[in-house]
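Each of the two complexes below includes chain A, the first together with chain B, the second together with chain C.
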Partner chain A sequence: MAEVVFFLAALGALAGAVGTVALRNPFYSVLALVGHLISLALLFLLLRAEFVAAAQVVVYAGAVMVLYMFVVAYVGGTDIQVGPLNSRTTTAGAILFGLVLFIELTIAILGTGLKALGTEGVGIGADGVARAGDAGFGTPEQIGELLLTKFLLPFELASFLLLIAAVGAVTLARRRGGLGDPSGSTITPLDLLRPRHTGTMAEGVGGSRRITSQEQEQEGVEAGVTSVRPDDEGKE
Partner chain B sequence: MNGLAPVLGVVGYYEPWWIQIIKSIVIFALGLQIVPIVLLGERKLLGRFQGRPGPNRVGPFGLLQPLADIGKLAFKADFRPRTSIGWLFQLAPIISILTAAAAFSIIPFGDTVDIFGTPVGLYGVDVSIGPLYLFAFGAVAFYGIMLGGWASGSKYSFLGAMRAAAQLISYEVSQGLALLGVVMTAGTLSLTEIVQAQQGMWYVVPQFLGFLIFLVASFAETNRAPFDLVEADAELVGGYNTEYGGARFASFFFAEYLNILVVSGIMVTVFLGGWLLPFGINPPTFVDPFVVLGKMALFVVFFIWVRATLPRLRYDQLMSFGWKILLPLATLNALVTAILVVVLDS
Partner chain C sequence: MAIEWYLVVSALIFSIGAGGVMTRRNPLVILLCLELMLNSANLALIAFSRMHGNADGQIFAIMVMVVAACEVCIGLGVIVALYRRRLPIDVDELRELQG
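This part shows the complex of A and B:
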């Protein structure tokens, strides 16, 4: 049974990965990547790494890919196809970066010497029943403890990196005028309770300030996409 | 078979594979039984709230109305728009119903009991990751809605799906952070252990803010009024399921109501002490599932009550409420809880 699930998940992961790069329609590419990530989560589940599997699905399939899907669904429909780029430099660049990535991964795998690679997966004996001694491995408790002791610095650095990326994205969007006029945007407690230009009595009798055209543009579509961004931070 | 059994089955004890199969059938059947009752209850109660009798013609007191509805939906023509994308259009309701039923399986209806000498937990699985399992399936459920809206090839469906996506992703964060307080207080992620940790006091008392945040976020997560912008019928006809009819529409509908049951069950488990009763009342074990069902019914009635009472929010109000009020409150709640847990422990 475990073997069947393993091969199904492995095939799904490979097919998803190939589909992501091979499919011409960007929407299907994103879907293939989602399939790939869920298959990976299944493989983690087979190794009894339930927390990693759930985190994989929640963070990647549930947050990151959702944003991809947002962009692709808004920008390109079924009729917009991504054609192959027939430039010689792009081909050379693709091969170069593929090679670099491959070497990097090889170093990472050989260097750390992942001890579980050669085994049945930690915590499972030959008979398939969980061994009592290893019961703690891969549990949320142990992962949390490791993250806050042994891997504290890499963990914090990674979260800072994500924070910088999020702040950078907001700054870039603001410079292009995507987030409206930054001046006069001091937030008071009243604004939090009652957002401006909403259908209040004050607005009805002309007490509220006028809505600029830029702010009108920002409503709806833009507001939805940009305000979703910080979610990456929340998930990590 | 043994290879997979420990992965899905055990926390603390071993469960034979046949019990797991029986359990999965029971869970699905249970959901299939409760949803029509909730449906009828909603229509009846909505009728009462609006000063009309509600459905009362089919069967005694209109009790057979859900059956008639199901029959009507099942025998409708199986159509799809010409602009839709066939296999995705068919896949979407399947994803929705699958994830809803899977999420339903972690709700504990009671502790471990002995049936014919085999210990059986009155829940589908007691996963060591608890609430994360729920959020993982919630993440996949998003694709059911998204694909349904996108593959329909209709602008109304697409807009509904986009709203659903933004709404789900925004309120999921607050929902998770609200649960974090309880997880830290109980010191475990397992839902049955969270229930057992509430012997002295239900977590609704120490985690009242967390409870309120989770409750509000649940309305948004299940697309219920006043957060039902996904199917704002005045603007979007019917949201992501506009182009669906017959049995596929019924699947979406079923998944939606099953999700209401799931969040009700989670709230009962996490905040209202699951199968425990207050004031030291300790009924025999077979009463436990009915205690849980009774508490769930309270929440379901509350959901219906709110739908009949509150008007729908506007989209930007929904977004600013989620990000500017609910999320900071949930973060604050988690932070204060963490500090208190550390201070009271040492």
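This part shows the complex of A and C:
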């Protein structure tokens, strides 16, 4: 049973990964990555990491991928592939690079002669039945206890990192083109002395006087709120 | 299932992600391929955690997820800023990040 689930989930994860890389439209790439993440959560469940699997589905496949969706929809979903640099040789070189990397990783991981690699891990016998002491491995209870005792400092640092990233993203994606936009953010002393609509179209067509009178009228209304009859004061 | 199988799947996903980072030119898709690589590392971490019967590897995986979320946040912010400045969304055109 575990073997069947493993091969199904592994096939799903690999198909999702290939789809993410190979699909032309970034929108479909994001969808393939969602499928990949859900298959990976299944693999985590097989490895008895229940909390990480739940976090994977909720945080990754839920929140982060929705963020990706929004940005893909905002920027535009078409991947323009022009130019000489992305030729067939580059693609072939990248595939070759991936193959070499895979072979190297396989040698590095499986060729090290780690004793427990061939087994199913601690706490589970060859028949796959959980032994005593295996209960509570990777449950939210145990993860929470570890996070708040042994790994308290990394936990707090992670919260700081998230805060910094959120502030940085807001700064980068601000209204006018991100960092270093001098035109909108500096105020000279002359700007304070001039009327507010200097250089606008209203000034060009002679509407500046009307705007000034309207502003004065509004100020009169706001000042008159505290009095008994604000309307009369505004008309006068 | 033996732990080896999980490690082989993890290595495969990492290689696919690395190949994607090299071939694709859209920064959005490059970020997606980075996610693939981080997730394959997570799978290896959790497999090793299972091998040792110790939940420390799972904490490490959660930390990797936090860092990945931060990376996505900043990367997407940069892409939105690029789009606002009418720059091309293409890493070949953006060789110099001169703003």
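By our rule, the second predicted complex is superposed on the first by the 124 of 236 C-alpha atoms of A that agree within 3 Å, B and C clash if a C-alpha of one lies under 4 Å from a C-alpha of the other, contacts with A are read in each partner's own complex, and residues count from 1 in each chain.
Going forward, contacts are C-beta pairs under 8 Å (C-beta built on N, C-alpha and C of every residue); 3 or more make two chains touch, one makes a residue touch a chain.
These numbers were taken from a predicted model, which means no experiment stands behind them.
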Report task. Based on the superposed arrangement, let me know which partner A:Ile109 touches: chain B (first), chain C (second), both, or neither? Result -> second
Report task. Give one of first, second, both or neither to describe whether A:Ala2 is in contact with chain B, with chain C, with both, or with none. Result -> both
Query raised in the report: Once the shared chain is lined up, is A:Ser29 touching chain B (first), chain C (second), both, or neither of them?
Result: second
Requested in this report: Scan A:Pro140 for contacts with chain B and chain C and give back first, second, both or neither.
Outcome: first
Query raised in the report: Who does A:Ala73 touch here: chain B (first), chain C (second), both, or neither?
Result: first
Query raised in the report: Just chain B (first), just chain C (second), both, or neither: which does A:Leu46 touch?
Result: both
**Report entry** Superposition-derived comparison: chain B or chain C, residues of chain A touched
**Finding:** C
Requested in this report: Quick one: classify A:Leu162 as touching chain B (first), chain C (second), both or neither.
Outcome: second
**Report entry** Overlapping contact positions on chain A, where the chain C interface meets the chain B interface
**Finding:** 2-3, 46, 48, 51, 55, 63, 74
Query raised in the report: Can you name the residues of chain C that touch chain A in the complex?
Result: 1-9, 11-20, 22-26, 28-29, 31-33, 35-36, 39, 42-44, 46-47, 49-56, 58-59, 61-63, 65-74, 76-81, 83-85, 89-90, 92, 99
Query raised in the report: So in the complex, which bits of chain A are touching chain B?
Result: 1-3, 5, 27, 31, 34, 38, 41, 45-46, 48, 50-51, 53-55, 57-58, 61-63, 66, 69-70, 73-74, 78, 124, 127-130, 139-140, 192-193, 195, 198-199, 219-220, 223-225, 227-228, 230-231, 234-235
**Report entry** Residues of chain A defined as touching chain C within the complex
**Finding:** 2-3, 6, 10, 13-14, 17-18, 20-21, 26, 29-30, 33, 36-37, 40, 43-44, 46-49, 51-52, 55-56, 59-60, 63-64, 67-68, 71-72, 74-76, 79-81, 83, 85-86, 90-91, 93-95, 97-99, 101-102, 105-106, 109-110, 114, 116-123, 134, 137-138, 142-143, 146-147, 150-151, 154, 158, 161-162, 164-166, 168-174, 176-180
Query raised in the report: Contact residues on chain B for chain A in the complex?
Result: 1-7, 10, 14, 85, 127-129, 132-133, 135-136, 138-140, 142-143, 146-147, 150, 158, 162-163, 165-166, 169-170, 172-173, 176-177, 189, 314-317, 319-320, 323-325, 327
